[in-house]
Every structure is written in structure tokens, then in C-alpha cells.
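In the two assemblies presented below, subunit A is common to both, partnered first by subunit B and then by subunit C.
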Partner chain A sequence: MDTVTLRIKRYDGVKEWYQEYQLPYEKGKTLLYSLTKIREELDPTLTFSAACRHAICGSCAVRVNGNAFLACKTSLDQLLETFETERLTLEPLNNFPVIRDLVVDWEPKLERMKAVRPWLIPSEDGDPSEGFRQSPEDFRKIASPTDCILCGICSSECGQLSLNQEGYLDPFILNKAYRFAVDSRDAAPEEHIRPALEKGLWKCLHCMECVTKCPKEIDLAGENAYLRQASIQMGERDNKGARHAYAFVEDVKSKGRLNEVTLPMKTEGFVSTMNRIPFALRLIRKGKINPLHMPREVEGIEGVRKIYEHAQGVKEP
Partner chain B sequence: MLSYDIVVVGAGGAGMMAALAASEDPDLEVAVLSKIYPTRSHTGAAQGGINAALGNRDPSDSVEKHFRDTVKGSDFLADQDAVEFFTSRMPELIQELDFYGVPFSRDENGRVAQRPFGGASSPRTCYSADKTGHVILHTLYEQCLKRGVKFLHEWFLLSLAVEEGELDGLVALDMRSGAIHPIQAKAAVIATGGFGRIYWNRTTNALNMTGDGTAACFDAGIPLKDPEFVQFHPTGLASSGILMSEACRGEGGHLLNKEGERFMARYAPEKMELGPRDLVSRAIETEIKEGRGFGEGIGAYVQMDLRHLGKEKILERLPQVRALAMHFEGVDIIEEPVPIRPSCHYMMGGIHVVDYKTCRTPIEGILAAGECACISIHGANRLGGNSVADVVLFGKYAGLGAREIAKQRSLPSGKKVKKEADRWIKTFDRMRRKTEGIPVTEIRDKMAETMWNNVGIFRRESEMKEALETVGRLLEDYQDACIGDTSVRYNLAFVHYVEVGNLLKLAKAVALGALHRKESRGSHARADYPKRDDGRFLKHTLIYKKGDDYILQYEPVKITKYRPEERKY
Partner chain C sequence: MRYGFFPGCTLESAAKELMISTKKVAAALGIELVELEGWTCCGASHIQDVDDFLATSINARNIALAEQLDAPLLTVCNTCTLMLRTAKQKLDRNEQLKKRVNQGLAEAGVEYRGTVEITHFLWVLVKDYGLDRLKEKVKRPLEGLKVANFYGCHILRPPQIMGFENPLNPQSMERVAEALGAECVDFDQRLACCGFHAVFPAEKEVMKLTGINCLSSKDAGADCLVTPCPLCQMQLDMYQPDAQRGFDQDITVPILHLPQLVGLALGFEPAELGIGRHIVDAIPLLRKKLVTA
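Coming up: the complex of A and B.
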């Protein structure tokens, strides 16, 4: 391989276009190196952001062939190998307004982040001149979530956000809510959790893209599960998400499997479910569900029930 | 015209602490402008920690010991009244940060954990694994959100307007719209960080550490103090200059030469790898010079070996360091030693602060804090973990100082700043239209090369003269620079043009200060004057800029307690 082609999406505030740049192939370089080389040797108008160049400032995320990466941390060789090509398409992050070329606008995101009250609500155990005591175990709970560098990769990859910009919070915002909800120094976890709940906490599609792409390997899906559980414990059961979860639990407990016919009714209530009749009819027509089929208990249901009994006895982690 | 009571320039640790302190007074209108989003600031890169004599790990530690270590580390060039003020207030500041929510690592009693660091006689560096600056930066940002601090995101400070020795206002470019604004202000806190980028790629600093605020103050008539003192961090990754935290040495890493020898035994037999940075950096360069390094020329290096710490300790205490070595040097420190070499890390010198309690400069209305400022508490050499501490502590006092000024001063007329803005509007226009000339990056790279080769770790007269000449020529070339981008919107080429102009001005001051300091002290090591000379040089350099002329003066060091003695480790 002698040359690598980067096809970059450009935007100048009015028009959009793709522009191709050819670079001599060099082994062991990062994507940021290539972008810098283009800007410094081929085209001074190419605009992208970067600062620390070692994966801590979160400025340099871009999409390569549709997937978001930190440019400074991503090796070009790896990209060429992964996508089995000598031609890469670079675009700005998804789910952000674009300012110019690969530079996106963070201001609306930071505005939204305020929803979850992303700051410590100090408990009475601490005070400004004495600080807090916190056990090493409690510190460990916040060690990983505070790794977040606000790079926006999770927002770009988020399946729900791509469908629903307004009704859902970016994964990094939910991470903030989690980070304070589990901080032993915080007096009011529900103040962080409730806004997350109100902004679509249960809508996560479980596509796991945020988890697999996060450059800091934060367990965003696990955090989401925690926030849901915690919201139920706060008594927030009367919402679609919680009802859906309870319907799952009940169905599996009684029969060892789901009843797809009653599940929507338990989740959304009778009236809303009626709106879904056309959809259900289509499913019936295609043979996807059978309305007359009432699931029987599965074989080994005793085992399933034992699991439930056991789970009930287990203490919170 | 935009007007505020207080404008803070920079949203790193210093800027945000200043903003928090200033905005405690609800009657004052405060704005923070920053060329990058606050959480992108370079404070986030600080890995190792922040010093405060809490005595959690070593009950025999004290503020006094921190004071003494800092003065000794500074090679007696620090102002001792300021150092005492600093060290005695740090313990409480850590508690304040804890109360803000900084996730510090903890000891078994739940107190803030502390680790040993170079040049410290007790383990007093508080940390959060190896991402201390990152978590402090994000926590301060959270506090700013809580308080509703007003940020002007991606606004670039171009210059300061001063009339009759007082601040008239600031000129800034709103990068997104391309509009250039004059801003009236009663007080401005400059907190724009360091300028390690005078060495361009041979630095641990972020791409944007170009000393814009320092240069703006310099142009406005505030002298630069001690610019010749440049800290080289001993453990930059050999191929990229990216920092391997001092925590590596703190946790017990060994430095090895090609013979597999722990060569620090020759230079600091007691402290070994935990000697202060200047000493360790020179030791490494000496090893390389004398042929005991690996590789050759600019690619030469020595090794840092961490394998004996074991996997568990490395994963627990140095996870980020391990990831950095893996991604940027292709080495897993659990399995192999990592190639390292010194890299420019920190500027001890900077904007001349005349009153450490308020961070005022000689010009009424302008204050400075953080790495851009020189108070001086670091003197000729800063100790690891003392900068983030400096940044948050003096950031806070600068915020308080600005509040005081804003209460006393009325809003200046704004006439001068309006004119200054018009001048910038013309410059922006001209540079956008200019189609031919010398590329800015070419000028920048030549500057970095001459600075690294001639005003680097070891210095001599003839080389520094050469650097001065080269920088002088580059300043002329700069008049004919071309940016190659006509855009009004988000024109980073223009921003970079201004940054490089700032670097050139500062590089010249570094070389000039270094040339005239005919002694070796702290980070300033001269091959032709290898000894410290207290008789002639126990004093601060002050460089003034009058038009294109640089004028050199000196000022005495404040010594309250510790008489200079030989600095041995």
C-alpha cells in the first residue's frame, strides 16, 4: 500500500460536500496525525478539533466509515485493517449540530446536561473545611464513571438518540446522573435519577453501541440498568418502562416465558394498546404472533421459580 | 459594547476557580471566555496529583516541610512569603475540592490518599488514580454549572487594551461567528496556561498551549518574569513527547541505561529516581550524550522499568499510564520497560504578579493566575504536584482579588478597546484575503527547532545567540505569513496564526532571559556557567516589551526563612 485516501465531509456553514485527500502511507501513525498532515501540507482550510493528543481532553472524536473514534487514540493501521480498505470516509459526529467540517457544537449538549443536576449535592457528613470521609470501596464506585472525557462518541453512536433527539438523554448525561447517584457523599441521588427517568431512561434500545465504542470503557449499559432499578426503588413503578419490566418478571415467574399478547397491555395499559391493533393485525397476518395461543408453563418451571426464590434472598450488591 | 464587571480568560483549573470565587458575589457580572470548551483545558492532562501537607499518609508531614521542599526545589529563587502563603492554605483547599465532589483516591480510613513525588520529603501528593487533573477540571466545571457561571465558549482572546496604566478592556474573537468584539471590563483575570509549544512537538503540552494571555499581557506592558526557566519532564514517551506521569517514579519505577544500570545512583544516590525533575532530566540527557542511551540523535532514549511493581499495582495505580504507553509507544509496561526521554513540560516563568494575595499585576485591573502567571512560588524549578495546587489556590485568590477591584473601579471608557478591536478586524480581514506568503507552520517549526537545539536542557552562549537571531528573523518572516483560509466562520488557520505570533514573542524572551542569566540554577543549566551564582543572580529576571524592543531588568528574591544552600538530593 503506497497511499491512503481520506474522503472527508466538508461543511462551510452553507454547503456540504465530500473532498478526497491522498496521503502517502506511513506505518504506525494515528488518525489525528493524518488529519494534521492534511491541514498542514495539503489544505489549511480543513477544520477539526484536537488538543491534548492523548485521549484525555475529548476534543477529537470523528466518525470513520460511520463509526465514532477518538482521532488521537486510533491507529490508522487498525482502521485500514478493520474496514479492509485503503479509503476511509470521515464525517463529524452524529447527533450534534455541525459548525464547520468535522467540528461540532457542544453548547446544546452541555445545556441539556444540566437536567440531571450534574454536581454533587453534598450530604451532611461533609463540610467545606473538613471535606468528607469516603471508603476506598465507595471511591471505587465512582472511579470508572468519572473517567468520562465528554468526547461525545456515545451520543454519536446512540440508537435511541438517532431516532429521538428530544425525548432521550445522551449516554454521557446518564453517566453523570449515575456518577452522583452512587457517590456516597451525595445527599440526594433521586435528584439526579428522577430527571433521567423523566427524560426517557427506559427508552434505551440496548444496542450497546455506546458501551463498545466508549474510549474509556465505561459500562454505560450497566449504569443504565442501575438507574432503572434505583428509580423503581424510589417508587417510580407507574411508567411504561417499569411496568414492562414487571410484566417480564411476572410472566417468566408464572410460565417460564413471555406472553407477547398480554405484555403490551401490562406495559402501556388497555387504551394505548388499542392504538396498536393495526400493528398487531399485521403481525398476526404475517404469522409472527398467534392471539389464540396462551403460553403454557415451560418444562422445568420449578427450576425457574427456585431462581426467583434465590434472587429474592440475595442482598443488594 | 459588551461589558462585564469581571472577565476571566481561560477555563482551566485556575480560570474556573477564579470564576467560582468571583461569582460568589451576586451583584457582579462575571464571564469566562475560553478558546476551547472548559473540560478540554490542559489541567485535565495532569495525571500525578496535587500537593498538600495533610499528613494523612505521613503524620510527621507539615506545612513547614512543604514550604521548605518547595523553596529548595526552586533552587532558592521562589519568593518565600508567597510559598508560605501557598503551602499553609493548601490543606484546606483540598477539603474544599473534596466538598465540591472531586473523586480523590482514599486511604483505608477514608481520607484523601497521598503518594510520594519527586523532590518531596514526605508523601504528600493527593491523587485520584492517575487522572487527578481530569477529575478536578470536571468537578470545577460541574460547580460552575451549578452556580450558573456564564461561559463564552470558543472565544479567543486577541489582546488587552490599557490606558494610563489601567485596564480598558479586552478584544476577543467569537470563533464560531467570526465576529471580533471589544469587551469593557473592570477587572480581567488572565488564566490561559503555559506556552510549552515554543518547542512545538517536543513537549508534553496540548496543541493549544501557546501562551496567548501571557503574550497579551506582555504586549500591554506587563513584564515577563523569569521566562528562561523551562521545566523539562524527564519521562516523556520517546517517540511523541507524551507524558508518563511522575507517579511512575513515585510508585517506584526504575530508570535504566543501555547497560541495564540504574544510572540515577550517579546523580542522586539517596533519592535515586525520586530526585527533582531538572536533575533527572539532565541525568538522562547526560547518559544519552555519553553514549549510554539506546538509539541515536533525536530518537535516542533510556528506559523506564515498572515491571517489578507487578500487574495488580500497575492496574490499580497507573491504569492511564499503561494505556498511554500502549497506545502511543506500543509497549505494555506490565511486560516491558518503556522508552522515555525528557520533554518540555512547564513554564516556571510568566506574567509578573506583584501581590500574591490578590494576584494583581503592575497594571490596575489585570490579574493573573495559573501556569501563565509567575508569582513566583516555583522559582527556578517546580516540584511535581505543585502546579495543580498553584492553579486552584491562586485561581481562587485571583477571583477574590478581581472582586475587590471590581468593587473599587468604575467601568472604564472603552475608547481604547474599541480602537484595538477595529485594528484586529482589519488584520483578520487582511489575513483572510492574503493569498501568498510564508506558511505559518513553517515559521513555527523553525522556531521550535532552534529553541530545542539551542535553548533546551543544556545551554551555552553561542547557541542561545544563534536562537535569538533565528527567532528575530522569524519575527520578520511572520510579517509576510499567509494563512490560506478565507473563511469567517471558525477560522482555525487565523487562530493559529495569532498563536504562533504569540509563541515567537515569548520564545524570544525565553532566549534573552537565558542568555543573560550567566549561571546554572534549577532548570536553567548552562554548560558555560555550570555553577549557581547567588552573588550575581539570586534575583528575578523581568523583561519588558516596548514596541519591538525588549528591556531587561532584575528584581530581588524575597527570602524570609531559608538562606540559599547547596541543593543536594
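Coming up: the complex of A and C.
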């Protein structure tokens, strides 16, 4: 391989186009190196943002062949190998307004972030002059979520956000809600969790794009599960997401397996389920569901129930 | 080749055709599937939203059932695979958690030890069975059938737990389809989410996604879409008429389970593989495209 072609999506504030740049192949370089080389040697008008070159400032995220990467942390060789090509397509992050070329606008996102009150609401266990003490164990709870560098990769890749920009919060915003909700020095976890709940917390598609692409490997999906559990503990059980999750919890305890026939009723209630009658008839005609079928208890169901009893008394270490 | 078979809840009702086709195909290939007695629902990516420890515990019990057989645990569902592998990873990396989970399991008379692997039918075909061996079994090459391989999220992501292949550009589905003689089409939504897990709380978005997924495969020239996950299959097939209402363009495309595609190449008739149970009728297409179907 002598040359590498980068096909870059351009935007000058009015029109969009794709422009191709050819670079001599050099082994062991980063994606950011290639972008910098284009700007310095081929086209000074190419606009992208970058600063630290050490995966700390979070400003150089771009999409390559449809997947978001931190340009400074990403090896060009690895990209060429992954996509089995000598030609890569670069675009700005998805789900952000674009300012120019590969540069996106963070202002609206940071405004949105305020919804979850991304600041410490101090407890009375300390005060600003004395400081707030935190045990190593409590610190560990915020160690991973505070790794977030606000690069925007999770927003770009989020399945729900890509379909619904207004009715769902970006994963990094949910991470902020989590980060303060679990902070031992914070006095009001609810004030971080409730706005997330009201802005579509249960709408997450479980696509696992955020956890897969996060350059800091933050367990964003696990944090979402925590936020949902916490919202239930706050008494917020009367919504489709929570009722759906409880349907599984209850069915496994009662029979061991899911009852697909009663699931919509448990999740949506009687009235909405009636709207699903045409859907149900369609399935019955093909034999996909039998409304009279009742799952039998699985072998060992008593043991399953004992596991439930045990779990009730245990908090996961 | 012997596996502890974990069917998952959908195979008992809405996706019964996947139970039928999986058993026939496994038998024809000489893969022994021993259904785990007393398996329970894996939690389907929901139970951890209520109680993480409970989700881990019930899957520890499911895995323990396979350990009693001393056989790797095999599923045909992406989400079951992810849920079981998630539990295994947590238990194998945290002795304290394993101990507490096992205290509960002891009351049920079982023990999680961490001695068996958790795998998926697709991975078994590629890695354990081998594609050369699969090719030898093909009686009716699927020549001329253009398939769009829809992986589904949970067989790829997160790679820290799944780890079978690169989630950014996987090839296992294409390799299997090509071994069966089919032609693979590349399409934008190849690695997309089907939205199934949020179909109740986010119905509007998921219906839109269903339409986008179907259209993407059609625009690429696919005759049908194939998936290794019954939940993707259900979302894309059962809800297709509902999704159509949001689109002017015709989104109709038949959706097959992976074992059905394999079964067709092994010479089974569509009816034997339960293909008549799908909402979007695939049989006219298969009659036209396949030699003796």
C-alpha cells in the first residue's frame, strides 16, 4: 500500500460535499496525524478540532466509515485493517449540529446537560471551608464515570438519540446524572435522576453502542440500569419501562419463563392492549401465539423462588 | 459435538419455528443438543433494571445446569447469549459475588463453578463445526439467493463480553451464508439495532427503525434478511405491517432465522423449517429462487 485515501465530508456553512485527499502511507500513525498532515500540506481550509493528542481533552472525535473514534487515540493501521480498505470516509459526529467540516457545536448539548443538575448538591457532612471527606470505597464509585472527557462519541452512536433528538438525553448526560447520584457527598440524588427519568430514561434501545465505542470504557449501559433501579426505588414504578421490567421479574418467579401473552397487558394496561388486537390476531393466524397457552412451572421452580428470597436480602458487592 | 441447549423463552411460543429449525438442522449436522432441564428466562436485558444481583443469580443457575451436563451452553438468541455471558463474566471476576450468588443457589441445590463456555449457534458453525464441513453437508446450494445479514446488537456488543469477532466489521454471518452458496449484499443497517427491547416504551422510534432496517436491505437488492437472533426476527417480521404505516415506500422483505437459512441449504423444505409461520411470507420467494423448494 503506497497511498491512503481519506474521503472527508466538508461543510462551509452553506453547502456540503465530499472531498478526497491522498496521503502517502506511513506505518504507525494516528488518524489525527493524517488530518493534521492534510491541513498542513494539502488543504489549509480543512477544519477539525483537536488539542491534547492524549485522549484527555475530548475534542477530536470524528466518524470513520460510520463509527465514531477519538482521532488522537485511533491507529490508522487499525482502521485500514478493520475495514479492509485503503480508503476511509470521515464525517463529523452524528446527532450534533455541524459548524464547519468536522467541527460540531457543543453549546446546545451543554445547555441540555444542565437538566440533570451536573454539579454537587452538597450534603451536610462537610462544608466548603472544611472540605468533604470521602472514603476510598465511595471514591471508587465515581472513579469510572468521572473519566468522561465529553468527546461526544456516545451521543453520535446512540441508537435512541439517532431517532429522537428531543425526547432522550445523550449518554454522557446520563453519565453525569449517575456520577452525582452515586457521589457520597451529594445530598440529593433524586434531583439528578428525576430529570433523566422524565427525559426518556426507559427509551434506551439496549443497543450497547455507547459502551462499545466509549474511548474511556465507561459502563454506560450499567449506569443506565442503576438509574432505572434508583428511579424505581424513588417510587417511579408506574411507567411502561418499569412495568415491562417487572413483568419479567414476576414471570420468572412464578413459572420460570416469560408469558408472552400477558406481557403487553402487564406493560401497557388494558386499554392500550386493546389497540393491539389486530397485531395479536395477525400472530394468532400464523400460530405465533396461542392466547390459551399457559406456561407450566419449570422443573426446579421452588429453587428459583428460593434464589429470589436470597436475592432480596443481598446487595450486590 | 454435544451442547447444553438453552432455547430461551421465545422458542416456546412466538418463535417456535426457530425451535423446530434449530433441532432439525443440528440433527442433520450431527450436533447433539441436550435441552437444559429447568432453564429459566435469562432476564432478556430487563431484570437487571430492577435487581442486578437477581439477574446474575438466575443466570448463574442457568449456567450451573449446563455445568451439570459438563457441556458448553449453546443458545440461538443474541440477548440470551449476552445475558448469560454477562453473568459469567461478573461471577468469574468477582469471588465475593460468586460466593454470595452460590449461597442462594445452594438453597436451590445447585452450584455455579464457572467450568463451561457460553456460545451461540452462529459461533458454533464457524468455530466448532467449521465452514468446510458445513459446505460438505450442503445439498441445495442457495445460488442466486441474495441475503442481507442482520447481526443484531447483542451478538457483537459489547465486545468486552462477546468478543467473538470485531464488532465494527464482523464477517461470520457472511462466511456462513457464502458457505451455503448464497450471495451476500452489503447494506447500511447491517450492524444496526432492531429496537426490540424498547418496543413498548419507545414504540414510535422503534417502528421507524424497523422500516429503516427493512428498506436498507431492500435498497441493497436483498431478497430476504437473515438474523441470528429471534428478537430481531420478531421485531422485523411481526411488526413489519405496523412499521409500513409510517412509510410511503414498500418496506416488505421476508425475515429468516439463521438456522432456517442453513436448513434450506441442507435440503429441508421451507414448511419443515416453520417458514410458513412468518408474518411476511417468504415461501413465494423461496419457490422462485430455490431449485426444488
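Here is the rule we use: the second predicted complex is superposed on the first by the 301 of 317 C-alpha atoms of A that agree within 3 Å, B and C clash if a C-alpha of one lies under 4 Å from a C-alpha of the other, contacts with A are read in each partner's own complex, and residues count from 1 in each chain.
Quick note on the criterion: a residue touches a chain if its C-beta (ideal position, glycine included) is under 8 Å from a C-beta of that chain, and two chains touch if they have at least 3 such contacts.
Predicted model only: the values in this text are computed from it and were never measured.
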- Mind checking the superposed model to see whether subunit B and subunit C fit together on subunit A or clash? fit
- Message: Taking the superposition on A as described, I'd like to know which of subunit B and subunit C A:Gln134 touches: first, second, both or neither.
- Response: first
- Note on the structure: With subunit A at the apex, the angle to the CA centres of subunit B and subunit C, rounded to a multiple of 10 degrees, reads 140
- Using the superposition on chain A described above, determine whether A:Cys207 touches subunit B (first), subunit C (second), both, or neither. second
- Task: In the overlay, answer first, second, both or neither for which of subunit B and subunit C A:Thr45 touches.
- Result: first
- Looking at the overlay, what does A:Cys57 touch: subunit B (first), subunit C (second), both, or neither? first
- Message: Contact-wise, after the overlay, does A:Ile99 reach subunit B, subunit C, both or neither (first, second, both, neither)?
- Response: first
- Classify the contacts of A:Lys240 with the two partner chains as first (subunit B alone), second (subunit C alone), both, or neither. second
- In the superposition described above, what is the shortest C-alpha distance between subunit B and subunit C in Å? Please give a whole number. 16
- The residues of subunit C that touch subunit A in their complex are 9-10, 12-16, 37-41, 43-54, 56-58, 61, 82, 94, 96-97, 100, 103-105, 107-110, 153-154, 156-160, 166-169, 188, 192-193, 195, 197-198, 200-202, 204-206, 208-209, 238-239, 241-242, 276-279
- Message: Quick check: in the complex, which residue numbers of subunit B touch subunit A?
- Response: 36-37, 39-42, 44-45, 92, 94-101, 103-112, 128-129, 131, 134-135, 138-139, 142-143, 145-146, 153, 176, 206-208, 240, 242-243, 320, 323-324, 327-328, 330, 439, 441, 483-487, 489-490, 492-493
- Touch list for subunit A against partner subunit C, complex: 66-67, 82-84, 159-160, 163-164, 200, 202-209, 211-212, 217, 221, 225, 228-229, 232, 239-242, 244-246, 248-249, 251-252, 256-258, 260-261, 264, 267-268, 279, 282-283, 286-290, 293, 295, 298-304, 306-311, 314-317
- Residue ranges of subunit A in contact with subunit B within the complex: 12-13, 28, 40, 44-45, 47, 49-59, 73, 75, 99-100, 103, 105-107, 110, 113-114, 117-120, 122, 126-136, 138-139, 142-143, 146-150, 180, 183, 185-186
